[in-house]
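Pasting a structure below so you can have a look.
Lettered A, B, C and D in written order, each chain numbered from 1.
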Amino acid sequence: MATSTPTKPITSIEEATIRFCGDSGDGMQLAGTQFTNTSALLGNDVATFPDFPAEIRAPRGTKAGVSGFQIHFSSHEIFTPGDTVDALVAMNPAALTTNVTDLRDGGILIVNKNAFDKKGMEQAGYASNPLEDDSLAKYKLHSVEMTKITRLAVEDCGLTQKEADRCRNFFAMGLVFWLYDRSLDPTLRFIEKKFGAKFPAVAQANTKALKAGYHYGETVEAINTQYQVAPAKLPPGQYRNIMGNIALAWGLLTAAQKSNKQLFLGAYPITPASDVLHELSKHKHFDVLTFQAEDEIAAMTSTIGAAFAGAMSVTASSGPGIALKGEGLGLAVITELPMVVVNVQRGGPSTGLPTKTEQSDLLQAMYGRNGECPMPVIAASSPGDCFDVALEAWRLAVRYMTPVMLLTDGYIANGSEPWRIPEVADIPKIPVEHPGPSSNGDAFQPYERDERLSRPWAIPGTTGLEHRLGGLEKQDVSGNVCYDPDNHDHMCRLRAEKVARIANDIPPQELDGPDSGDLLVLSWGGPYGACATAVHRAQADGKNVSHCQLRYLNPFPKNLAEIFTRFDKVLIPELNLGQLSRIIRAEFKIDTISLNKVTGKPFSVAEILEKIEELA
Amino acid sequence: MSIDTPLPVLKPADFASDQDVRWCPGCGDYSILAQMKKVMPTLGVPRENIVFISGIGCSSRFPYYMNTYGMHSIHGRAPAVATGLKTCRPDLMVWVITGDGDGLSIGGNHLMHCIRRNMDLNIVLFNNRIYGLTKGQYSPTSPLGKVTKSTPMGAIDNPLHPLSLAIGCEATFVARSIDTNVKHLASTLKRASEHHGTSFIEVYQNCNIFNDGAWAYAKDRETKLDTTIELEHGKPLIFGKNRDKGIRLNGLEPEVVELGKGITEDDLLFHNEKSPEPSLAYLLSRMRFEDGFPEPIGVFRSVDAPRYDEMINDQVKQATKEKGKGDLEALFNTGETWTVK
Amino acid sequence: MATSTPTKPITSIEEATIRFCGDSGDGMQLAGTQFTNTSALLGNDVATFPDFPAEIRAPRGTKAGVSGFQIHFSSHEIFTPGDTVDALVAMNPAALTTNVTDLRDGGILIVNKNAFDKKGMEQAGYASNPLEDDSLAKYKLHSVEMTKITRLAVEDCGLTQKEADRCRNFFAMGLVFWLYDRSLDPTLRFIEKKFGAKFPAVAQANTKALKAGYHYGETVEAINTQYQVAPAKLPPGQYRNIMGNIALAWGLLTAAQKSNKQLFLGAYPITPASDVLHELSKHKHFDVLTFQAEDEIAAMTSTIGAAFAGAMSVTASSGPGIALKGEGLGLAVITELPMVVVNVQRGGPSTGLPTKTEQSDLLQAMYGRNGECPMPVIAASSPGDCFDVALEAWRLAVRYMTPVMLLTDGYIANGSEPWRIPEVADIPKIPVEHPGPSSNGDAFQPYERDERLSRPWAIPGTTGLEHRLGGLEKQDVSGNVCYDPDNHDHMCRLRAEKVARIANDIPPQELDGPDSGDLLVLSWGGPYGACATAVHRAQADGKNVSHCQLRYLNPFPKNLAEIFTRFDKVLIPELNLGQLSRIIRAEFKIDTISLNKVTGKPFSVAEILEKIEELA
Amino acid sequence: MSIDTPLPVLKPADFASDQDVRWCPGCGDYSILAQMKKVMPTLGVPRENIVFISGIGCSSRFPYYMNTYGMHSIHGRAPAVATGLKTCRPDLMVWVITGDGDGLSIGGNHLMHCIRRNMDLNIVLFNNRIYGLTKGQYSPTSPLGKVTKSTPMGAIDNPLHPLSLAIGCEATFVARSIDTNVKHLASTLKRASEHHGTSFIEVYQNCNIFNDGAWAYAKDRETKLDTTIELEHGKPLIFGKNRDKGIRLNGLEPEVVELGKGITEDDLLFHNEKSPEPSLAYLLSRMRFEDGFPEPIGVFRSVDAPRYDEMINDQVKQATKEKGKGDLEALFNTGETWTVK
């Protein structure tokens, strides 16, 4: 599908990892997204890692303002955005200095030469021009006058110079598209859709810049090889690329439809969870009510109100916001109303590293409430998995009349991967029952339980079921306020038992690899991809190692204890200081080996592999 | 319930739940409960469509005593709980019961935002100027100098005026009544229930255990006609045992004047609860007994304005009209997709 | 010191447990307090357990309105308010029915006969009059016309009948004072002080009622034995009786003086923590500022502001309030400012059982915050211990520049015991250093650390030390905002290490009993007394059992691991569903046996003993 | 610092910290920062006695850029942090920097209580009618219908008016200024610093990235003299490019009139920032451009009242005077004690 017949030799490779980086204003996220979509459309498996600067836009050209987007694309199944980069595009000196260390030796380095002026280099801390001294000798350096060429290319579109310069990212895209033999068509369609009607001049300019980049690759001699990455053999089906937060939002929408419910989201903006609010607020025609609350406490308690109302009720936030919801969660637990609480984890403690990823809210999810206050906790493993986990969270919530904590993290939330679009009809319904009107005059018993220990979800408007919920201890069965000592003990144990019994209702833990062996790698959340890849490699190397990725963190799958008995060692890699380890040790009384990292970055495959090799 | 089934005729007693009422004997809360039960059957709303949401405090036990749906939530959060409920279920009539601590101290932010969104809720704030449930600390409405368990040398926090605050938050319906003024209270509750949007009612309530007599001046048979003034829409502000005193405006300052002696009703300030701008309501909320004014009771302000709960549901309808009912298949396939065979 | 020569036989006994119970309006707490003080003055060791009804005063005569006060007094050292009651005073039918089951067979039962009218018995659910049917046969029943006699006794004091009836508790006291041969003098002094000047009629009436009760005992034939409990052999010194919350407040006052600091308390009222606020607000002349905040979040964050200001800064709350402080605590941890956070635990989850005791906030104390957010946690064991623990909390806070979580519970907070008044001069100073003004123009380094990993506490007003704190990750040493990945990892580990190193600075764990054996009972907080007593009894029975009471819960004392190796089994009794157990398992990888109870009531000695006997 | 050491003469640049300023180029925050640095040296307060406390938001990065003591606390809590600080250290000059989201949304309750306690703090609220830091959701001051990331169909929350709210919470000093009106801004900051008690200043601030032009009408050279009106104590309310328009009261309703044609200055409303009752200030806070009024800038209200931080410290002094400096020995021995030998 390339736009012209290649005139240079093409090397076929299995996979590649590239990264666009530049100033926040340079449109690197857009470039990355376009490359991703194009590669996905071409049939590659892809995994991405957008890396935003800290919250505030720093002055242009500073290191603090550098924004990056990494894409790993492959002709086989992949699970991570790649450890090291094969080709790096750096739009300015600050981007170069902060990113070049991730480029592998011999990798392709494309830089915008025009940005290496005195001020730019000063801001990046370069004493001499790295494009001219020898410091980049170990890379295949292509120093391109991107600004100049782009200006020339768009000359006759009638743009201001500032506007013209904004087309630079399309030039860079064009060049990289040529390099990896990708079609321009999807991007051309994108330009047309986004700018065509409203800003025809911009559309024209971007098109020209894109093509200029492509032709630059074709023409310029210094760049002498093109690469090709063949389509991957993915399970058959219709595919699209999807980001974690979007998949999560769509999963929630689907859960609502599958349970015939209106969807209520009570949320307060917070990075990196805000996109769930943004996405759902676009889909009001799915019978969605999004309430931007005054704070997280109102978000949480409005969610309780909506659950009482009978809606599928959800709140979404990140660490500090979840901390504020702790008291409200206690009310959700004791009123036994169904709802989903999403935590898109970020770097803590406190405000911490708000745009970076971390898995350090697991213990808060388990224990961050007063009293004996048990709650199911489940976690997504990848962007696409967010969809499934959202459905599962609501299934459990409504089946067990309980709030469910759903953990994702910044890495999953902002990352993307190809997603096989499910057949809507194949997605199982989520049955919800509300007791109907009663006219026999008997007092309704809101805390009577079924075999799952679940109580009835009676909603206002139903004749004869009038009842009062609240945060004081409830009498068993009647739900009246009750100070009886034994009743309290009974109810505390009952709430715990109800959550524990969910273990009967979830699939047994799957194991990737042999049933027993030297080492079990146990992971949850974002590190899934790095662990899966590392374990596969170690297995290929003949190591006796298997992998379990946990979706269910409370309760754990029933067969987990038994799995542990079959391995000599258990390695738990986590982006925290050992939180799952603590829980596993307490629960199963086994020894665990922790691999911890809290740098705000995901694990690389190499980090996991190294540890595996040390242990098995 | 189909439209032509006549509503069963209910009595106040039908709104009593089976729970023992556990306020201290003599507490002003009893009277408010009684009036609420009296008003309920007159509203034309089936019992199952009424919900009471409260926070924590003596006052917040209220929902347990009403045989409707209800939730005794957590301290200060009732307006937020009610917001979630009402947003999803605009068909329900939702009451929020709160106290001066619950609503104005820990819950101030939710109250403020609920009011400015003009959620269609009826909020009744039981103002006893004390924390009852926790046994007698001062509250945001306790006067300066008040000696309580937590202020043995007297309170030094300048008190809030609930109605001024509500008006500062763009309230569309603001009223005041008194626990023992049962007729007035009942009619005020009824007026609130009829308003579309947030109705905010302050009720002077006596806590006879921890703050007995806080409102004595406004409740006492002997003094109340001189210390309170009943607001009536379109009527001049007249008060006093002999209805011989009135409120006149001097620029922007109200003053108490005696009728006769050259001053007639026409010189007085006329109440206008429908005034689009809330300055009059604000000014009335500033009249305080301690400054020599009678304190207004009744409806200070009642104006129509768009309501959050209605608008959000309208957006759903509008979006559905424009885009059709949400289709997952279509959603999943928006943007670029590809087929793997 | 009895007011008259005894005319009936006196039996000497080792110890006794009595309980006053009646309606909330019957003055039972006062009766209990007077009996306690009198017994303490006489030299007995005492332990008390006041039991309040749920928050709201229920209508008179109902079971929900019953209030009780139990006193255990003894001629030897005791640790609990007693499991069963030797003498019960019940002022009405509701009190009788809710309390009589705790009276031991053969115990003395004194009831106010006049309260057993139709309405009273109906409210208590008695079908027939228990004073007249045989249902109380197994007790020594004394059915006394208290109302009538009291009215007669105070006849000429000029009181209304309602006022006269309010003297009934003094009649009951007088009778019990006689029964246990206690002096009336302390109570007479109390009456004089409380009512003498302002309400002479009331003083007179109470005096008469008290004496009437005493003389009733002397005179009436049915009561034929008096008991005597000799003074205990306590360590020499000056003693007073003290409640936990008061001891805590005094400990804080003392810590402030010993560190030359102003004391700031930011608090929002909540049962059972409010008394800390009440008590401290009485002592402004100790340079104490008490701020009743608008909510717990403001209480917490004002406490942070006060810590920044340089004050000894404290906040106190209970479970739901602590849940609200979670986000603020994260800021306290990352700014590394010293402060004390008190949690007087109560029954949860949510509003739970607000007036009852529980230990279910331990996991919240450890983990109830977003991110990796470590904080030292210590717990008081008894009312008097609250004083010492308050001092220790501040010592650690200021020495390690960290918030410290101090746990007590409703049982300790409202219970009382004799307290040996410390010599103020003997209490060690708590040294605090603030770096002084600097004029060398070098940038101040607020995150430079000493050998304890503690940073300097520089306070506003100091020339040249201007610096900015905040919730974003800090650069090591400089304290500037820093997004560097490795710095974040480093700082997370550093904060954890700083807290862990506190283990070097706390005494080794003490052991009550032999160094090794079959069973170690490991307890923390309120169950101390029941565990100590039970272990002593088991030891006396020849069991191979020892006891550790933990004050330090994070970090644990260094020698704890080693202690565990010397016992076959570890029993952890807790008023929760096994929270310390979870932590111990995770930390030490040992097996533990949990004894859990969440009834809102403390453990009885018998419950612990039974479990010990089952295990050793 | 001893009383006779002269203060070193500082320049605005001395108040710049060594941190890079990280707002978007063109952000209105720069201008506010510049004016703050300019005002600082004129206050006669040593740099080390000045503290800036903020919450979270673009605006709340402010303390990092001031070479004073400071804390960038957590979202919405700056007034509470500052309350703890100022209570213990009334000797310090404490500024609170907040945004329309930080101060009015999550932090509304603390703002409200801080104001009513009249804590001696200077609170500057940067109102850009948007959440800047989280990239463009609507805020409590965004107008109805505003399309943002979280309101693709338009906002349906009736906006708050920060000054009305503050006045509803018993504010003693209330002012408004505009980021680009640098002289006015500087003098307003200075006025605020001189007030004893809570000074609350709303600054119209442009977020050129997510809400560019929100205040265009009030900032534009062409229109600003017609769309804003500068309040001066004791002066009539006159405005317009030619100073030919004024505000007159019609009962309690303000109206815009043209001077001349029989209307003189004396017919106009005269500003009185010292009015003990806040009704005038409230009324002024209701004048909105969208309703055809010029929006007042300057000091709406400035009255003296007791301050919490002063009173709490007075109580300590008084208690110490009455009871003597706290004596632990004596405290421990109050009530009944006994000796064991």
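Keep this in mind: a contact is a pair of C-beta atoms (placed from the backbone, for glycine too) under 8 Å apart; a residue touches a chain by one contact, two chains touch by 3 or more.
Note that the structure is a prediction, hence the values are computed from the model and not measured.
More C-beta pairs touch across one of A-D and A-B than the other; that pair is A-B. Compared with chain B, the chain whose C-alpha mean position is the greatest distance off is A. Centre-to-centre spacing of chain A and chain C amounts to 47 Å, using the average Cα coordinate of each chain. Between chain B and chain D, the centres computed from C-alpha atoms are 29 Å apart.
Taking the mean of the C-alpha atoms as each chain's centre, chain A and chain D sit 40 Å apart.
Between the CA-based centres of chain A and chain B the separation comes to 44 Å, rounded to the whole angstrom. Among all residues of chain B, those that touch two or more other chains are 56, 74, 105-106, 108-109, 112-113, 140, 153, 157, 312, 315, 318-319. Touching two or more other chains at once are residues 64, 284, 294-295, 320, 327, 330-331, 350-351, 470-472 of chain C. Considering their complex, residues 37, 40-43, 186, 189, 231, 234-241, 250, 253-254, 257, 262, 264, 266, 283-289, 291, 293-295, 297-298, 301-311, 313, 327-328, 330-331, 335, 420-422, 424, 437, 443, 460-472, 480-481 of chain A touch chain B.
Those residues of chain C lying in contact with chain A across their complex are 53-54, 64, 318-320, 322-324, 326-327, 330-331, 333-334, 347-354, 356, 358, 360-361, 363-364, 366-373, 470-473, 483, 485-486, 488-489, 492-493, 495-496, 576-577, 581-583, 585-586, 589, 591, 597-601. Of all residues in chain D, only 1, 17-19, 46-49, 51, 53, 56, 63-64, 66-74, 77, 80-89, 91-92, 109-110, 112-113, 312-313, 315-316, 318-320, 322-326, 328-329, 331-333, 335-341 touch chain C in the complex they form. Listed in rising order, the residues of chain B touching chain D in the complex are 105-109, 112-113, 116-118, 140, 144, 153-154, 156-161, 164-170, 249, 251-253, 275, 277-280, 282-283, 286, 305-306, 308, 311-312, 315, 318-319. By the touch criterion stated above, chain D contacts chain A in their complex at residues 20-25, 56, 58, 61, 74-76, 105-106, 108, 131, 133-135, 137-138, 140, 149-153, 157, 209.
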